[in-house]
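Note that the chains are named A, B, C, D and E in the order they appear, and that numbering of residues resets to 1 at the start of each chain.
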Amino acid sequence: MNLNFDYTLFIPEFMLAGLAAIVVALDLFAPQVRKSWLSYVAAAGLAVTAVVSLSWVNKDSTFARIYAVDNYTTYFRVLFMGTAAVICLASARLVEDKLRHPGEYYGLIILSTVGAIGMAAARELMTAYLSLELLSFSLYILVSFAKFDSRSNEAGLKYLLLGAFSSAMFLYGLSLIYGVTGSTYYSGISAALSAGTHGFSFALLMALVLILAGLGFKVAAVPFHMWTPDAYEGAPIAITAYLSTTSKAAGFALLLRLFGGAFQVVHNDWSWIIAGLAAASMLLGNLVALQQHNIKRLMAYSSIGQIGYLLMGVAGLSHNTASALVLHLTGYMVTNLALFVVIIAWYNLTGKEEITDFRGMRERAPLLAGALAGALFSLAGLPLFAGFVTKFILFQAATEQGYYWLAGIGVVTSVISLYYYLMVMKEAFVTAPAEGETHRLRVPYVMQGLTVALMLGVFYVGLYPQQLFSAIDNATRFLFV
Amino acid sequence: MHSGYWLIATVGIPLVAAAALVLVPDERRDVVRWFSAIVAAALFALSMYIFFAYEIDRGGGYQFFIRWDWLQNVGFLRAHGISLAFGVDGIAAPMVLLTGIVSFGGALISWKIEHHNKDFFILFWVLVAGVYGTFGSLDLFFFFFFYEVAVLPMYLLIAVWGSSSTFPTFTRTKEYSAMKLTIMLVSASILIFLGIFAVFHEAGKGTFDLQTLYAYHFNENFQRAVFPLFLVGCGVLAGLWPFHTWSPDGHVSAPTAVSMLHAGVLMKLGAFGIIRLGIQLLPAGATFWMPGLMVLATVNVVYGAFSATAQRDFKYMIGYSSVSHMGLVLMGLATMNVIGVDGAVLQMFSHGVMTALFFAMVGSVYDQAHTRDMTLFSGLVQKMPFFVFFFGLAGLASVGLPALSGFVAEFNVFVGTFKTYPWAAALGIFAAMLTAVYILRMWSMSFFGAFNDRWSGLKEMTYLERGTASLLAAFILFMGLWPAPFVDRISETVRHLPGVS
Amino acid sequence: MTQIFFDLMAAIVILGALGVVLVRSTVYAALFLIASLMGVAGIYVLLSTEFLALVQVLIYGGAVTVLLLFALMLTKVRDLRERAPEPPQLAGAVAASLALLAGFMTMVYKTTWPRNVGQITPISFNQIGTALFNRWAVPFEIASGVLLVALVGAIVIAMQEEGER
Amino acid sequence: MESVAQKIPLEHFIVLSGVLFSIGVFGVLSRRNAVLVLMSVELMLNAVSINLVAFAVYTAPSLFVGIIFAIFVITIAAAEVGLALAVVLRVFRNRGTANIDEINTLKW
Amino acid sequence: MTDAWVLPALPVAGFVLLLLFSPWLPRKGDWLAIALMGTAFGLVFPIANDVRDAIGRGGFHGVGVSRDWLNVQGYIDIRMGTWVDQITLVMLFVVTLITLLVMIYSTGYMRGDRRYGWFYAIVSLFAASMLTLVLADNLLLLYFAWELVGLCSMLLIGYYNDKQSAAEAAKKAFVTTRIGDVGLLIGIIILFTQTHTFNIQQILHMAEAGDIPRQWLTAAAVLMFAGACGKSAQFPLHVWLPDAMEGPTPVSALIHAATMVVAGVYLLARMLPLMEVVRGMPELITAIGLTTTMIAAFAGLAQRDIKRVVAYSTLNSLGLMFVALGSGMLYLFTHAFFKALLFLGCGSVIHATGEQEVDKLGGLWNKMPITAPMFLIGALAMAGLVPFSGYWAKDEILVGVYNGHLSHIVLITVLISLPVTAIYMARLVMLTFFGTVKDPHVHEHAHESEPAMSWPLILLGALALVGGFLAFDGVGKALGFHSGWMGFVYNLAEGPEKFHVNWGLAVGSVVLVVSGLGFGAWMWSGDAEPSKRAAAFSPFFYRLFYNRFYIDEVYQFAIDRIVLAAGRVVAVFDRAVVNDSGVNGTGELTSFFGWIGKYQQTGKIPNYALAIVVGIVVIAAVAFGYRG
């Protein structure tokens, strides 16, 4: 077998590792530097790396058939690095105010990005698993990074214990797959499955169930979602944003690559499971979100609901649905980031994170309020914003695979979600600010810039996604080889 | 042929206006007002141009056609997959004009808004863009896109600038009404959503282009299965019983201009959707289901009228009368014959202008009196003759008095209905009589009689309001006295609608 | 002979595991864990993977268990005995794990497993090393990343900060 | 030692790993001390390792991927324990308990 | 004739000009309205001349001219246009003349009113609508105008907008006539769907040719008749007319006596061929007319308001016109004069005294030397005393009934109504102008009205006196109608219908009327002692008459207890069931599910892990079951 051991493929990952080291070193050896500079360095480094990684566009190469650097990987590289850069920028003030060890904080974010990219790029089970753990470990730490906040500790502990538990499940599933097919390469698995050794089917089923449980935990699909609200609520708010974006997206990147590359031949055996998970996620996430008072918990349930929509695309996995899924995922990430930037900025200024604490945002920080409205509308899937187009395309793709009932649940729950998004908006726009809290707040320029940039992104996806969708379409083509 | 750029401008101008307003500082209220007034006037002129330049003798097809490809050759989409295809036919042209009129009126009426009028106008223009877009779209995706755009700003428009009211037996907060309106409308669009998916999938053309889809002959069973989705989905926005309650409550809580647009054009989107998506796309389904719609529409008409007789709040009364009148629109559509559908479209226009006038009037008294309870008023005519005049004019139009627009429309609806469902026509005409009952009840209760000194502080309408009202009234009279420009355009298109005989 | 060895090791593994989950005393539980893990090492030996057995003994027996005991000591100074779980929780746990076990058993029973693969060639340390650094370099690198992260994280999280107690 | 494959069917290993895994699951579900929960997770991971090694030996001994995998699993398990203990310690320091029943302020 | 559209156009111009500019015009522009109306009146004569000449040449068929108004090729074609024939001409003359006189009269009566310009504007609009109504060549335009006159009527009834009763009366008038209009509209639609045209002449031809299915024709006829009943205040839709007296008196004279209320009669005359084709229709019309006549006659006996008495007399007359069914054109013609005269007389009295309760008036004969005799002429004409115009017209009807194929009961009933009519007219005159002065204060103030009001009275008085002579062919010929007036109006091809006196009827009716008048005069002479005794003698009848047979109460009950109650029920249903249960209930149910789901989140790790395991087990179980 002729394997390609081209280490240049990993240049972006190496750069990231180096960047992480630089950030930690800067923190360690230059304590006089303002800590917010660390975030700028990290963000700049991430941005540069993202640009560098663009040079692999339209190149299809793998490292020993284990690690593919194709358009799909490149797409997610850029996406994850961009997200990480935004998170770094958005955390600056938060880290300064509430957290210690900023170097490690940014370093971990950067390293976790490597893990996320690995999940997207892996075409082999071990690599995928280890990448997943790299991301997870980073997140365990980041979630409990507010050391003196007992809620953060609790969230970290829950996330960690349950994460270990579910990764054990995942691993058990992987081991069974290995046993069934004798390979850990996606292509090998696919080949073995299509060779049709049907005697293995029960082990295969069990393996699929366990793998789905593990990945379901990662992406927070019902019923493997229980950690989500608690972890979201306890985590430092920027990490909540990170959890709801990169962590989820990486899970889906892995899911798509794995199921597209390895399990597509036994599509019938798992598609209904994912459909069920999708339905349960959409329903539970959006219904329980109705009852929330804390914005982070609300976002947690809302993201569970969003996961349901995305899973819909996995259930009827095909090139079209994958494209649609990634498009929606992208739109969702941009929107969610915009929303979280607003929430972080507001939290920085007021120190509050209950929904009712958003009252008077229109009066006190109009820019934030506007972005809040836009982002919420986008999440609810209303037009002009990203959510409408992406959801439309995603649902259309799902119905093409015959999942009308899923699309039905999807749109019904979208309406339910609109209700609680509007409740948030009501506080921001309708309710008057509390006594003595009527003065304008000064939002830092960085946050303003981020808000505007992300909202422009939301509008871009929502109003003219042709290039983006084409790029995604090109990327997802590599899933099924 | 005319340039489609004019048509696309109807969407572009308000959207650009909304974007431009974002940049205006909060405190520059007058800049916002003047800017909006100019935009509104421009749109009004543009709408007039589109309406009158629509050429009658071209067989009622789409004019002002333009297509910009938006998303194609990607995913499940093929060439022209989703395109910004615009064009008006004889049905859309009057609707475009209606939007121009009502939005112009709404913008002028909103002159006195002080609280964040910038935000108000941003949302207002987005709403207007959505409405224009829906009427102009010839692409299934964008039809739905703009349809939702039109609903999207409603929550904030009502919840922020609206008003809560307390009634003897219940309270209507603006937040409640706004939420109900938004949720109900968006819920309804679920059905449209699914319908669109089904149609796209069934046709298998890889495009949402409506003209391509119109050309495809859908299987009859498919049509029967999918048509109800469009019917109910769009019907909710048109106030179809029993999904109408968002409408009166929404009116009660909405600010004046929003009520105007809401009843004036937004509800028309629903009926328009039934034509565009239902009848044109799935004619056989329409033929199959229309008797059912006829039953519901008749309930609408009678039920709305009865409800209106029991209301004490101006806006509730008008709201329920809207339910009744939109029922007439649905009734006209349900006939599936040329005269009836003609009448329905005429009624859409007529009701749009008339109800806008109604709400403009109610707004002018509510802004001063801060109540809309008609039992509290008495003898208003002595203090506000102009107000009563215009209110009366709108009322008479809604009663269906000849020489006013309502008559032309209702008459066509009744004639059309009578051909196929005489009983429904009879009930409809009976409800038209009930309209007289509640309009005159209000009239004699609030406008006539001894003047109630409690309202001695009331002032006559401002000149701006009078101007707005005159504009609307002029169109009521125009259509009532000389309906030919409307009928020519509408009928030329309606006669070519599939399934309409 | 092999069968007996297997049965013995399996018994150790399972009894040890049961001890871990059932014994009330936390320290005993940790000791049971050692026993169980050593049993697993025995299984590895049985499967001719001595390297793995060695790793198992070194890492689990040496590092992990000590770490666990250490943690136990640090966190449960006053009471080393754990209270029994609430009945509903216990019932749920029993039912769920039995159901899972039933699932596994069904799977084992229903699946045709491969047999007769022929002779097992013992795998040398060399081969493992070569594979790890050659073909499996990527996962290896990532695993080192994971370790690094865990290391940094553990320090950051556990480190006593200035002004703390 | 003679070849295992002739003597013991693969099922035995899988059953063993299944039982071990289930016991681990039971431990996670029933234990109250965070450290013990962690121990139970270790049991589960060991079950995975048994599986992997057994499959490696029985199905594709020449590639020994399963053994490599098992090594990684052990590595990760160790790292996990280290990290988890740090977090447990942190929680204990802030709350004075490592009892997961009592760590439930985040809920509903 | 083809330019007849100018007639309504003139007052329309008046309406628009006054509406927009009246505040800035001298005298609020009343001169403008009067001038335009006068022009219109003047223009009737050339048209009449043309028609007369055309008839003289023979073969006159009416002249129509129309334009497209609304055209959906192949489906509906509505052409708006005018149609001039003899009936039209009679109506044109009446409408323009009476309107002109009322306008002149109103310069005095309405002087100083706050909304003087509005009054003239609406009266102009009314005139325009009424002219359109009579000129309309198609049913839709007719309906158009039909509704507009109703609107003007409503606006003018509610003219005194600070009076709640006026508002109520206006509402009642509009809604009640609207009930009839619903019928008319449905009737028109039925005819359209059967004939595909709105043109009256075409429809009549098709009806006569039997091209319209019988059941539809019947339905259309009945429904159109309902419309006529509403507008012409026939039983059971007559209740609005007495209340309509809330409007200014000139309005009552114009709209509720001379012109608008005869629109129903006009409609029947116009559609007569269609009505006659339908079996049973003439009988129905007669029956309704008779009922109205009798109710009005008896109710008129007991009314206290001077205008109401006249209003009941109007009902009485309208009933008679219905009974006549098409042979009542002369009555219509003369009725316009004497009834307008009566109303304007009333107006004069009210203007002079500020009082309209007959019980408070009296002895005004000397005070009002012009009004009183004119009023007397009107009353006698109404009562039908020879030789006043009413006599001849009524005689025409009696002869028609006698010669007709109707039951003798009809004739007897009509004859019974005659003395009753005479009695209450006598009562009105006695109580108002003779007898004792009941309220000295009122009497003190009374004075004759100014010339602008008296001259119209005098003119109308003259017409009421001599108008009936038109019935004689000689008079008609003298005026230039070749075959006499009656011949001119009725018959085109069949040759002139001679006016022939049935002496028995003529004498009999005179006897009845005279005895009625005499009895009335005796009853209410002096202090009206006999009448009081009579009222005391049978309080039941008195109350029955006074309360107008309680028909209004029945309506009130129907409106309050049925329509409005139904409205309230629907409204409550809408609130409680559709909204609170249906809409809110759905929302609350959804929220409740969320509430259930929320509490699954216990915050305890074992529970979360349990959820994962349960999830796996369930999925695996399903998968195994599905596969196994």
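By definition in this document, a residue touches a chain if its C-beta (ideal position, glycine included) is under 8 Å from a C-beta of that chain, and two chains touch if they have at least 3 such contacts.
In this text, all values refer to a predicted model and were calculated from it rather than measured experimentally.
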Message: Starting from the defined contact criterion, work out which chains touch subunit A and subunit E both, please.
response: B, C, D
Components of the interchain contact network lacking subunit B: one piece
Field: Between subunit B and subunit E, the fewest steps along chains that touch one another
entry: 1
Query: So which chain is the furthest away from subunit B, centre to centre on CA atoms?
result: C
Message: With contacts counted as C-beta pairs, which pair of chains has the highest total?
response: C-D
Message: Taking each chain's centre as the mean of its CA atoms, which one is most distant from subunit D?
response: E
- prompt: With chain centres defined as C-alpha means, what is the inter-centre distance between subunit A and subunit B in Å?
  reply: 41
Field: Whole-Å gap separating subunit D and subunit E, where each centre is the average of the chain's CA atoms
entry: 97
Message: Can you compute the centre-to-centre distance for subunit C and subunit E, using the mean CA position of each chain? Integer Å is fine.
response: 102
Statement: In whole angstrom, the CA-centroid distance of subunit C from subunit D equals 4
- line: Expected list for subunit A, residues touching two or more other chains, is 126, 130, 133, 137, 140-141, 144, 147-148, 156-158, 161, 165, 169, 179, 201-202, 205-206, 229-230, 291, 419
Query: Out of subunit B, which residues touch more than one other chain, so two or more?
result: 183
Message: By the touch rule stated above, which residues of subunit E touch at least two different other chains?
response: 587, 598, 601, 603, 605-607, 609-610, 613-614, 616, 620, 624, 628
Pairs of chains, among all present, that meet the touch criterion: A-B, A-C, A-D, A-E, B-E, C-D, C-E, D-E
Field: Contact footprint of subunit A on subunit C as seen in their complex
entry: 103-104, 106-107, 110-113, 134-139, 142-143, 145-146, 148-150, 152-153, 156-157, 161
Message: Considering only the defined contacts, which subunit A positions touch subunit E in the complex?
response: 157-158, 161-162, 165-166, 169, 201-202, 205-206, 208-210, 212-213, 216-217, 222-224, 226-227, 229-230, 269, 273, 276, 284, 287-292, 416, 419
Field: subunit C contact footprint on subunit A (complex, rising order)
entry: 3, 5, 17, 24, 63-64, 66-67, 100-101, 104, 107-108, 111-112, 114-115, 118, 124, 126-127, 130-131, 133-134, 137-138, 140-141, 144-145, 147-148, 156, 179, 199-203, 205-206
Field: For the subunit A and subunit B complex, residues of the former touching the latter
entry: 320, 323-324, 327, 362, 366, 370, 373, 377, 382-384, 388-389, 392-393, 395-397, 399-400, 404, 407-408, 411-412, 414-415, 418-419, 422, 425-426, 429-430, 464-466, 469-470, 473
Statement: Residue positions on subunit B within touch of subunit E in the complex are 169-170, 180, 183-184, 242, 244-246, 249, 303, 306-311, 320, 337-339, 342, 378-379, 381-382, 396, 399, 401-403, 407-408, 411-412, 414-415, 418-419, 425-426, 429-430, 432-434, 436-438, 440-441, 443-444, 447-451, 482-484, 487-488, 491, 495
